[in-house]
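The two complexes that follow have chain A in common; it is paired with chain B in the first and with chain C in the second.
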Partner chain A sequence: MRSSGRSSLLALGDKYRIYILFVVVFAVMSLTAPKFFNVLNFTAIFNAVTMNATVAIGFTVVMICGQLDLSIGSVISFAGVLTMGLQPVLGFAGSIAVAVAGGALVGLFNGLLVTKAKINSFIVTLGTMTILQGSIYQFSGGNSISVTTDEVFKISDFLSKNIVPLITPQVLLTIVLVLVVEFVLRRTRVGRNFYIVGGNRTTAWLAGVPTDNYLNSAFVLSGVTAAIGGVVSVLVSTAATLKLGENSLMYVISATIIGGTAMSGGKGGVLRSVVAIMTLEMLYTGIILFGLGNEVKIFLAGLILAYVVLYEAYAVYRHEKALGQRPELMKELAERASAARSRKSAGA
Partner chain B sequence: MSGTSPAGAPAAHPQRPGGADSRALRTGSFSSIVNTAGVYAIAVLFLLLGSVLQLTGAIGNFLSPQNLLNIVDAVALVGIVAVGMAFVTYSGNYADLSVPTTMGFTGYICIELLRYNFAVALAGALAVGLLIGVFNGFVVGRFKANPIIWTLAVNYVTMGVIRLVWVNKQIYPDMVGSQQHAVALFDAIYRLRFFNLIGLPLVILIVLVVVGQFVLARTSFGVKLKLTGSSPRAAKLSGIAVERAVMWSFVLVAFTATIAGLAVTSLSRVGAWYNGAGYDFKAVTAVVIGGMTLAGGRGTIFGVLGGSLIIGILNNIMTLLGIGTFSQDMVRGAIFIVVVGINALSLRRMGRDDA
Partner chain C sequence: MRRLSFFFAALALAAFALAPAFGQGLTAAQQANLKASLAVDTSVLKSADGQQLLAPSKDNRKVPTRPADPNKLPETDPLHWYDMEWAGWNVTPTNIPKSPGDGAIGKKVIMIVHGDHPWTTACILGAQKVADMYKWDFKAQSPNWDLVKQNQLIDQAINEKPDMILLIPLDAKAAIQQARKINAAKIPLHMFNTLPDNAALNYSLGWTGPDDFGQFRLLARAWSDELMKRNPGASTIGVAYVQHNPGGSPFFARSFGPISELATYNRKIKTLVMASPTPAAFDANTTMQLVSDWLTKYGKDLKGICASDDSAQSLGIFQALEKAGRTDVVVVAAGNSKQGMDLVKDGKLFGITYQTAEGDGALSAQTAADWFNGKGYPTRKNLAQHVITKADVDKFYPPQW
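The block that comes next holds the complex of A and B.
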């Protein structure tokens, strides 16, 4: 890596890519989309992203470890169905605890299969995804579950009423979770070890990092944050639909990659993923405000994911192609050859 | 089923480390025959289980000709997809998750084109299907995008295209403007039966299995694919066009998905985006149960046929027992994880840590 002025500027741009993108999308939408720039819309966006932003926390940590968790979508729905379905029996305190513990268990199951049985994480989580989808329908009988007691409406009101402008308790919860995990990742040894495990598992193990424990805790965290996302979402909407988490996987994966977390692991951050989720949500809100339908939104979301995966793969491809090549040496040789040639022609 | 698992079979005669190569190119080697035989032994066990359940009165007419025919018909659809999927798994790229919407999309295209004639409809559907395959194969083969995430993204995009173009509407073959003759032929894709018994999908499946097994075991493409699946780097260094091999495997799965998509659409007589839902996972499960390892480069198409049989019989028994579709998902998911786990374990016992 040569550090000429231009390339370091580019590197800086790459490093803060997502924040720049956020500002650009915000500016463009504010200027062009009708009714975009007002507090009501911003509040709506904040509330709309809480679920996926919460889910992205654990998902990003799993990806920093170089793994993937495809089961987040079904964990969201599963936790939602448990919260509403068990409420009549256990009360909200009990059902929420069971839902979050369920998410943790799913995460632990995923983690153990990855670390102990040594199965690829996306194969494992593809399996748990299917199992969970079956159990969601099994548990709910195929219908969405709603609770219509005064208590649930009170909770829903509380969670979606502003404490200060823009910030509702559900948004605050997400912000706190993001900041805590971001702090742990960036400022503690435990956090740094996640990056080391993701960067090179063997090296990490040889350096004395208990890699299995870190991978397991990453998957547990992913299960827990997905469950929290599902729980909060159904508490706000007072009903658990079976398709709650259906599209979350698509949104969260694309946001995490756009945020700069590498699929190969060892790089990235939780805050970046959440900013990316905000950026995407602004884009989708803009689409709806322009009067385009939900179909366009889903199509665009798929397209963005495809583009992002292709972009990342292409970057790796170019990097690998350039590996071992020394452009500056080639340039020097070419210069020498041309100098020799000109000397020869001058001599002749 | 851990004791008699197909994956458990190779562990019965462990190879000496550094001795005879467990990864020999001879696909017809002893261990793979034992492997495949194991798969069919399990299929027979499931048949016996069904018979016993019928004798005890737990389920109705498992052994009736009609039910056995139902099983075979269901196996044909899953099997067709599984044969194509097997090539992707064999090439070391795990699975193609864009299968469900490929099936749905090609169904839509075919029905839309029935207004011209049947040949055009068929060609159009195949062209679109193969295009998706080429696209997947190019991106995964050339740029080494993560196959699971990439095909998942393509699945979403195709879904979006369907929803955009047909605005969430389902379409029917006997719509205004369709040629009656073409509609009759389209209906026949699933319903044509030779000797009033053997359905066209089953014939297609058998042809695909025989040809697929031949290609995998007896052609240079098969050998290249095996090397690619075993170690893409080694394959590349020995001069194999890895990108092309991977590309072809994705084209093949798109081809079989298109055929299955047309058969399913013909069966339901409606073009709908959910026509292929679940076929990706069913096919991967069949491939894995059939003894093909997700690490790539190991397994046979005959084994995959056995895997599809097991899935078909199991589904049928569960349906007869009154277990709902969604609980069947749970069982399938659990079996998938168990089989993959056993595979990984037995490979590690053989001294291979790459599972």
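The block that comes next holds the complex of A and C.
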């Protein structure tokens, strides 16, 4: 009984690990970090995570499908440069549409190479990442691109202004996207099929799931959300810098893994990734407020990642051990196999 | 008696009302603070290399008139670079707060830099030395080269309502909105080190930092004289430029600064090639490969190299020169790191610019202190300029970073 209570507690801990981590970091920073616990600080944190949180939506779906998308950072920069670079010609509506469509096309290109050409997604998206980086430099001539009209300043001010405490329009957009994708993943057949594809692609195909379509959709979604992240970010800062998405790739990968999405696929969730991003951001903000340097931030992020990976390994070990601790099941299986053999020989 | 008491009451009231006018609106405590602040002498401060921390600039060039369209002028014309070289001189101040004039002592100042680097550490140390003199509540924060993070730090700094924000803009163009935001929050802003877009300076009290163009014009002249000395009688002297990261002002200042200077100072010097090592501008190996290619292509025609950095880039250049067995190439660079100064001392690098990191941070802090003290605020103030050669390199040891 005691053991059962302990294991169900552990199971709960497993299930809600990222939320527990979030609460712990929030509590520790609120109690210890100077000027951490105030509405203005949380508004700044929310605004700061919008880009990476938006990007993490599509990235997580790709990882649930058991794939990787290394091109997200380049898509962010690419979309940003297109938004600002094409604005004088197309206006913001046109340039944003082209940027998001560009992200979708990059995603489709990645997806088709993975599904049709059967190339590993790591290799495919590494290639796309490099091609895009070159294109960005080519398009921008090596310079940041900005639009300095009153219109862009008004858009920037609007996106950064609170509509209710803590929530600005850029944050609201991310929340809506997260909730929609999370709902689709959890509550619809289409969403559950992404998990099935990631869990075992062959089984999914045998069950009649069009696996290629799901993989392509995941990559397109990743391209679109990365592009949206880039677009919103450049609209807020009013300038597209060439290195905008440079730090996002490692950040989003770490957060997605910390959030509990398995690299092997079939497990995870968008909300969990976003909560992990929030957790990391609170940690980083706390470190800054303590006046500590970047090296501490890298160290702690690495520590959390290592903890999560070790914990995952321990969870697998416990699971396998639990299976081994039920000899009656193994005995039953052996008996059934023996009975089947007897029936077969009697029949012969 | 009643009239008399009424008279004294009125007199007291008038004195109370007029007192601020006589003391510029300051209370007695503020006046005492101002007096104490004005007595602080920061000229005694020294940087780690033993130099005066706040050395005055000897640059007395007059600001030229802006051409109608600088972009129409050739790149070899110094005025083509007018908007970069003279950024900050022609601004339209917008909602700039007035100095409280109540003294610099005890102010709360937040410094936001661009990223973690030994140079930045030295820069913050310089500012801290001035901050300590004025007993500031001072903190420096770094976004580690991430623009989104720098925007967040700015939001957080605004929330803390400091008396001043000192900012190194991470991106010249993005600096406009950053400055607008701080200005809208009615917090005084001072930008330093990297030059922002001219429009950003409309919202800033001013800018201080190295005059990259000016420094490289100075360096170019010294470089040219040495090239002429080593190549007497040559009709043309071929040179190359290893550029900075594309996009920022140093990318242009450290190549087109000397090019446009030499176009008038010494027409015998011809630019053969210029490029930024890719994918990493500040990587010795990448620079070595780039320069090796140049040495193969141009051979003995390549007589001089101007680098944007005196550490990684310069090390790469000398690796390439050693492999090619060349000792005749005159190399100059932006300085002044330990590696660069060691190369100057060894006689490898002919000259480097003196870019005091501590002085950069200190000058921004001192300019802010002057503003709190009610002194005039310069739109732009350059750091002192100097070219370090073997003749005087020993004076700059130990290096700042």
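By our rule, the second predicted complex is superposed on the first by the 289 of 348 C-alpha atoms of A that agree within 3 Å, B and C clash if a C-alpha of one lies under 4 Å from a C-alpha of the other, contacts with A are read in each partner's own complex, and residues count from 1 in each chain.
The rule we apply is simple: contacts are C-beta pairs under 8 Å (C-beta built on N, C-alpha and C of every residue); 3 or more make two chains touch, one makes a residue touch a chain.
Remember, it's a predicted structure, so these values are computed and weren't measured experimentally.
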| item | value |
| --- | --- |
| First (chain B), second (chain C), both or neither touched by A:Asn47 | second |
| Partner chain(s) touched by A:Gly142 [first = chain B, second = chain C, both, neither] | both |
| Partner chain in contact with A:Ala301 - chain B first, chain C second, else both or neither | first |
| Touched partner set for A:Lys35, first chain B, second chain C, both or neither | second |
| Partner chain(s) touched by A:Leu68 [first = chain B, second = chain C, both, neither] | first |
| Contacts of A:Ile288 with chain B and chain C, given as first, second, both or neither | second |
| First (chain B), second (chain C), both or neither touched by A:Ala239 | second |
| Footprint overlap on chain A, where chain B in one structure and chain C in the other make contact | 137, 142, 295 |
| Residues of chain B defined as touching chain A within the complex | 94-95, 139, 142-146, 148-150, 152-161, 163-164, 167-168, 281, 284, 294, 324-334, 336-337, 340-341, 344-345, 348, 353, 355 |
| Complex contact set, residues of chain A against chain B | 68, 70, 113, 117-120, 122-124, 126-138, 142, 249-250, 253, 263, 295-296, 298-303, 305-306, 309-310, 312-314, 316-317 |
| In the complex with chain A, residue positions of chain C that touch it | 116, 139, 141-142, 144-149, 151-153, 155-156, 159-160, 170-174, 176-178, 180-181, 197, 199, 246-247, 251, 276 |
| Contact set on chain A toward chain C in their complex | 35, 38, 40-41, 43-45, 47-48, 51, 137, 141-146, 148, 153, 156, 160, 233, 236-239, 241-244, 247, 284-285, 288-289, 291, 293-295, 297 |
